[in-house]
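Structure provided below as structure tokens; questions to follow.
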Amino acid sequence: MTRDGLTEKILDIKRQRDLKWSDICAHALPLSPVLTVGALLGQMRLGPDAAVKVGTFLALTSDEIKMLGEVPNRGMPMPPTDPLLYRFYELLMVNGPAWKALIEEEFGDGIMSAIDFNLDLGRQIDPKGDRVRLVMSGKFLPFKYYETDHDAAFSVMLD
Amino acid sequence: MTRDGLTEKILDIKRQRDLKWSDICAHALPLSPVLTVGALLGQMRLGPDAAVKVGTFLALTSDEIKMLGEVPNRGMPMPPTDPLLYRFYELLMVNGPAWKALIEEEFGDGIMSAIDFNLDLGRQIDPKGDRVRLVMSGKFLPFKYYETDHDAAFSVMLD
Amino acid sequence: MTRDGLTEKILDIKRQRDLKWSDICAHALPLSPVLTVGALLGQMRLGPDAAVKVGTFLALTSDEIKMLGEVPNRGMPMPPTDPLLYRFYELLMVNGPAWKALIEEEFGDGIMSAIDFNLDLGRQIDPKGDRVRLVMSGKFLPFKYYETDHDAAFSVMLD
Amino acid sequence: MTRDGLTEKILDIKRQRDLKWSDICAHALPLSPVLTVGALLGQMRLGPDAAVKVGTFLALTSDEIKMLGEVPNRGMPMPPTDPLLYRFYELLMVNGPAWKALIEEEFGDGIMSAIDFNLDLGRQIDPKGDRVRLVMSGKFLPFKYYETDHDAAFSVMLD
Amino acid sequence: MTRDGLTEKILDIKRQRDLKWSDICAHALPLSPVLTVGALLGQMRLGPDAAVKVGTFLALTSDEIKMLGEVPNRGMPMPPTDPLLYRFYELLMVNGPAWKALIEEEFGDGIMSAIDFNLDLGRQIDPKGDRVRLVMSGKFLPFKYYETDHDAAFSVMLD
Amino acid sequence: MTRDGLTEKILDIKRQRDLKWSDICAHALPLSPVLTVGALLGQMRLGPDAAVKVGTFLALTSDEIKMLGEVPNRGMPMPPTDPLLYRFYELLMVNGPAWKALIEEEFGDGIMSAIDFNLDLGRQIDPKGDRVRLVMSGKFLPFKYYETDHDAAFSVMLD
Amino acid sequence: MTRDGLTEKILDIKRQRDLKWSDICAHALPLSPVLTVGALLGQMRLGPDAAVKVGTFLALTSDEIKMLGEVPNRGMPMPPTDPLLYRFYELLMVNGPAWKALIEEEFGDGIMSAIDFNLDLGRQIDPKGDRVRLVMSGKFLPFKYYETDHDAAFSVMLD
Amino acid sequence: MTRDGLTEKILDIKRQRDLKWSDICAHALPLSPVLTVGALLGQMRLGPDAAVKVGTFLALTSDEIKMLGEVPNRGMPMPPTDPLLYRFYELLMVNGPAWKALIEEEFGDGIMSAIDFNLDLGRQIDPKGDRVRLVMSGKFLPFKYYETDHDAAFSVMLD
Amino acid sequence: MTRDGLTEKILDIKRQRDLKWSDICAHALPLSPVLTVGALLGQMRLGPDAAVKVGTFLALTSDEIKMLGEVPNRGMPMPPTDPLLYRFYELLMVNGPAWKALIEEEFGDGIMSAIDFNLDLGRQIDPKGDRVRLVMSGKFLPFKYYETDHDAAFSVMLD
Amino acid sequence: MTRDGLTEKILDIKRQRDLKWSDICAHALPLSPVLTVGALLGQMRLGPDAAVKVGTFLALTSDEIKMLGEVPNRGMPMPPTDPLLYRFYELLMVNGPAWKALIEEEFGDGIMSAIDFNLDLGRQIDPKGDRVRLVMSGKFLPFKYYETDHDAAFSVMLD
């Protein structure tokens, strides 16, 4: 059994039963639907409870439910060929240098964590056309400027 | 004169005069600093007024100020090798499938525009460590399912 | 069931029944045949009505008809190795800089939308040899030069 | 002297003298501005007359004018990172399979020439937002199914 | 049914019946064996007559014979890893600049068509070791330097 | 002034004055020499004190010293072509799957931070040949399984 | 039978029987679990004894056990898309130049062996959050500066 | 002095003196102009006599003439972006499998040499449009199926 | 039947019957085991006699034996990810420039043939650790500096 | 000063003084000319004595002589485009699987070292055409199957 095979099966079930993602995600709430869908598409894992609830709703086997709880090998092929996904790629490609300059000026040397991270997807009502809204926040992690306790670049030790 | 050469000169001036990005961006407000810095790094253009104000502050020549107002050839090398920038790339690579599934379920077939788009960078105070916060919004653009006014796939016309 | 598998099945049916694309597209008119064929080849979706009409004509199962109505993961491998497709790639590679320069001079900073876009394929009768004619039009989208409502590059907020 | 160096010089002159592309192209009319700009950006050549007229207007040296008349090594880096250019790339990546299927059904096995080709750029007035319009036409070239005049795959000849 | 699957089946038949390519190509003469073999390996199509003759000889099904008559998605992976094929790739990589310079000096700006093209494979008897001989000819296609019928780079039209 | 240019200058000075890295790093102790050398090679920054001490020792200009204190655009070309560096790449390529499996079994879903990270280089005396010893430790960061405070995947907000 | 197929089967068994890697590795101790898991995931081989013990515990067939003892074709796709694995890649990409400089200053021209190599994974208890700790050591191998026993670059020998 | 620099200088001279390639090649006849131009563009070397004759005609320095006689590092970037060169690339990509099959059937296992190779460029007069004609011939080199003089795969020898 | 499938079957047989490569190669001696194993792994062909002897020993079907005698599509994915194979790749990457310089100084402009080539693998007994020894020899092939029999770069011929 | 710049200077001197590599290498004998030339081309270092001797003969400055003694960043671009170098690449690509199978059968799991390695280039006189002969030998390094001294995959330690 492969994770890709499980994803294909889940999409088959979703189609046959005319389910929406929100129908499925309701069984894992309050876990963010971004994470639940991510797990069902093979990019995240579900905790044991969520895996059982979602898997039971989808009538998965117990082995398939266990697989939903395993950490997958994350990542999709890049660059994205799909237009919806490419726009995010382009935003980084065009704005990246400015984001780096401004975040470092504000926070110092470090990064925004992609692990201690959360995201909220929203619809922003707008008379000129509704907007997709993403609110992302990630913990700022400063680069650790660590010290050495010996004078040389190399410590020396006996085997 | 190349745009890369202009960027290098601007960074030299910024270093020599101990300027911060916010010192420079102040001359273009209320234009978003993300855009001002983007232009100074060669990814965006400044409108004529902003170009003159920022360029004068930086003591650029009139040709250099004109160049700041030109649309550059946008884009940086990908994938990013810098850790700060890579984290954004990774967020897309890991979360992309879920974002696509959920945005399409909510909005239908289409994309979030990367052109009619705005971004606000924020610092979210947090006792466990402050967080970098990005609020992005882009107009949803539905795929146009256009029609044809003739019966065949190919219209036929005389030269 | 995968989208590639569905495309292969549709091509098998088309071959067995000696159908032309125009025979199939007739069931979705006035939807542009470019879109109908795109959906049958796994790059577009059909709306519910078109999916049922086309799918019934092709004797697809109800699950297959549902899949025709789903947004696919768009994109084909690039660069194209097929000569017919490569010529379009080459046209961009050779003419791209001039298109960019002229469109920006005429419209300002922005892009031609690939989403609010339509295309008409035509045959142009010509005594020296007929010509393939493509009329493309996409809405011009100006880059949004957005403003900020606070003085600093970073807004600050409590959690 | 390199072609890139010449392009940079031309852009410097255009900036210093506040020229528009249309100001420059006027000296080569009725040659299509797409070709004139293409030559000035290093992707096309100008015929001797056009090269002299345009080069004189730009006050180029006689060697530079000669270089404008030379066939360059065509092509820009791909995939395009600039959003305006990427949209054309995406249109091919998404629509390519349908274009191929429909052109081959209409014309038979062959290609649309990218050499015996012409293009007209237009602005289509539209109350919902003006549109960029490209009308392309290329001669259809049928694949030549050539014959052999000997029975074996290999002709045999003495040196 | 996929084209790769058909190619594999044809190779199985060829092996089982101890056929040579020339045995098979004989049924399509005077069509060039380069094209017949190209079609059987999935890079070309056979016209209806040739497809029936060759397909009947190989005892293919009627659907398989139809597939032989379809235009495939052409192209093999590049760069070639096989030594025989790589040598042709290398010839282009090493001699390309000279070929371009000399063809353009002789013919002007344009290309040798790869569509209106023919090829003859030959064995050149040579006491120092026989030689493989390829005679290629392709129609020279001059770049079309097209004109515009309006003064501006952009025509303007109402919707 | 570019960071690459500064690195080249520093290497010139080191060569002319017959300095060792340890001679230079001594001026930044107890900062880890890995970080000091990283900064001098353009991959890290030095804090203001360290930058002044090291820069003064190397007789750099004040602008060069400021540049040493700037966060660079990190990353070197990959895969490494140098044998010493390639061995680390290979260790990951061969052992990566096992490292992932074991770290996730011990710590749960998450990563070892490359930012809150430290490294000690050592020489391990061994009669069969001394060994290079690297002790790395990075904070384990658990993937944040965040929740949503609304029932739908999408929050809805007015502009 | 392929190695990938065997890995998939082992993961199925592990899931069905709710085994941990440590349960499986216990049968190969004191062999390092990094190597045992590496072999089960298709990157290492197990010696005959370990293969039998581990394979028997997993109820593999004798052919599968033999395959566990075969040297695989090592290596996973790079760059890693999974965040846990990418962090190691990034550590090399950012720190590589400093590691090379310091190891060469300490040891001379040569490399750290990735073959005569060992690794210990550890958990470092830390009140600010536990840390993943890797202790790696590889034999230093000096580049062999070999001599020639003839005066010319080329020895000459009769066939 | 670099070979690219020499090529640029030669092109400058050719432009300034309004030379054609055939004017230059005349000084190296009967050496094939393909080779002479190849050398002048940095892909081939000229023998000492030809180098002196051609170099004297072009008024090169004696060091430059020596460089013309050196074997360059051959090869241009691939795939070719220029349309004229791409057509040759495409011919291989589309016809490669058939060429391989037919050459191996005629000659056995081996290759057409790209080293013991010659090429004649021609213009084929044709009322429907002249054709570019390439006649290539390369010595067929059979794969050597060599034998071993010991029974084991490995010979054993004392140091 | 595919060549990869045949290779997998041969490896299955080898494992089931506990064969060594030398056991199999013994049936093709004195053909070099490098070639025999190469054929069994899908990179070379066996001559008819060797194919029958080896295939009979392995109890292959007659079609499989015929396939062993067919020229495969040669080549494995590059760069090699396996450490044993990578070391050869690295030797070329590091030593290539020196090999080229020295071979050309000794032999003139040309190459070492990879087709008229033979290889002997050996074990060199060494008290400091046995060595793998490869003795390669390939015929030197001088670049052919061919002449033309007409004065112009282009011969002209009637169709 | 860059290593590439030094290489270019050395090649200029070699050309101006009509030196052969063997003239230069004579000053470093008995060091293998492969290593001496490798160092002069920027892939190896020379020991202090050899650097002084060779550098003095070439009239290099003392800083340049020091640079010759520094370990360079090794590696050339791959795949090689030059035919002479490509043949070695192809030999690996075609023969790699057989080399791996046979070396592992003879020596067990491990590699041939590319560091404890030596090479002798030779000319093998042959009436059918002289041959290039390479004798390579590298120490066999067995993969270390290391053990752990604790029962768990992870050792646990206090900070």
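Chains here go by letter, A, B, C, D, E, F, G, H, I and J, matching the order in which they are written, and residues are numbered from 1 within each.
Operating definition for what follows: contacts are C-beta pairs under 8 Å (C-beta built on N, C-alpha and C of every residue); 3 or more make two chains touch, one makes a residue touch a chain.
Just so we're on the same page, UniProt names per chain: A, B, C, D, E, F, G, H, I, J = Cyanate hydratase.
Fair warning: this is a prediction, and the values are worked out from it, not measured in the lab.
Contacts with chain C (Cyanate hydratase) and chain G (Cyanate hydratase) are shared by A, B. With chains reduced to the mean position of their C-alpha atoms, the one farthest from chain A (Cyanate hydratase) is H. Mean C-alpha position of chain I (Cyanate hydratase) lies 23 Å from that of chain J (Cyanate hydratase). With centres taken as mean Cα positions, chain E (Cyanate hydratase) sits 44 Å from chain B (Cyanate hydratase). Across the assembly, chain F (Cyanate hydratase) contributes 21-22, 33-35, 37, 44, 73-76, 78-83, 90, 93-94, 100, 102, 104-106, 110-111, 113-115, 117, 119, 121, 123-124, 126, 131, 133, 141, 153-154 as residues in contact with two or more other chains. All chain pairs that count as touching, in label order, are A-B, A-C, A-D, A-F, A-G, B-C, B-D, B-F, B-G, C-D, C-E, C-H, D-E, D-H, E-H, E-I, E-J, F-G, F-I, F-J, G-I, G-J, H-I, H-J, I-J. Those residues of chain F (Cyanate hydratase) that touch chain I (Cyanate hydratase) in the complex are listed here as 79, 81, 83, 86, 90, 93-94.
Against chain I (Cyanate hydratase), the residues of chain E (Cyanate hydratase) that register as touching in their complex are 8, 12, 15-16, 18, 80-83, 102, 105-106. Residues 1-2, 63, 66-67, 70, 73-76, 78, 114-115, 153-154 of chain J (Cyanate hydratase) touch chain F (Cyanate hydratase) in their complex.
The residues of chain B (Cyanate hydratase) lying in touch with chain C (Cyanate hydratase) in their complex are 21-22, 25-26, 29-35, 37, 44-45, 47, 71, 73, 100, 104, 109-111, 113, 115-127, 131, 133, 141-149, 151-159. Within the complex, the chain D (Cyanate hydratase) residues that touch chain C (Cyanate hydratase) are 20-22, 33-35, 37-38, 41-44, 74-76, 78-80, 82-85, 87-107, 110-114, 117, 119, 121, 123-124, 126, 128-141.
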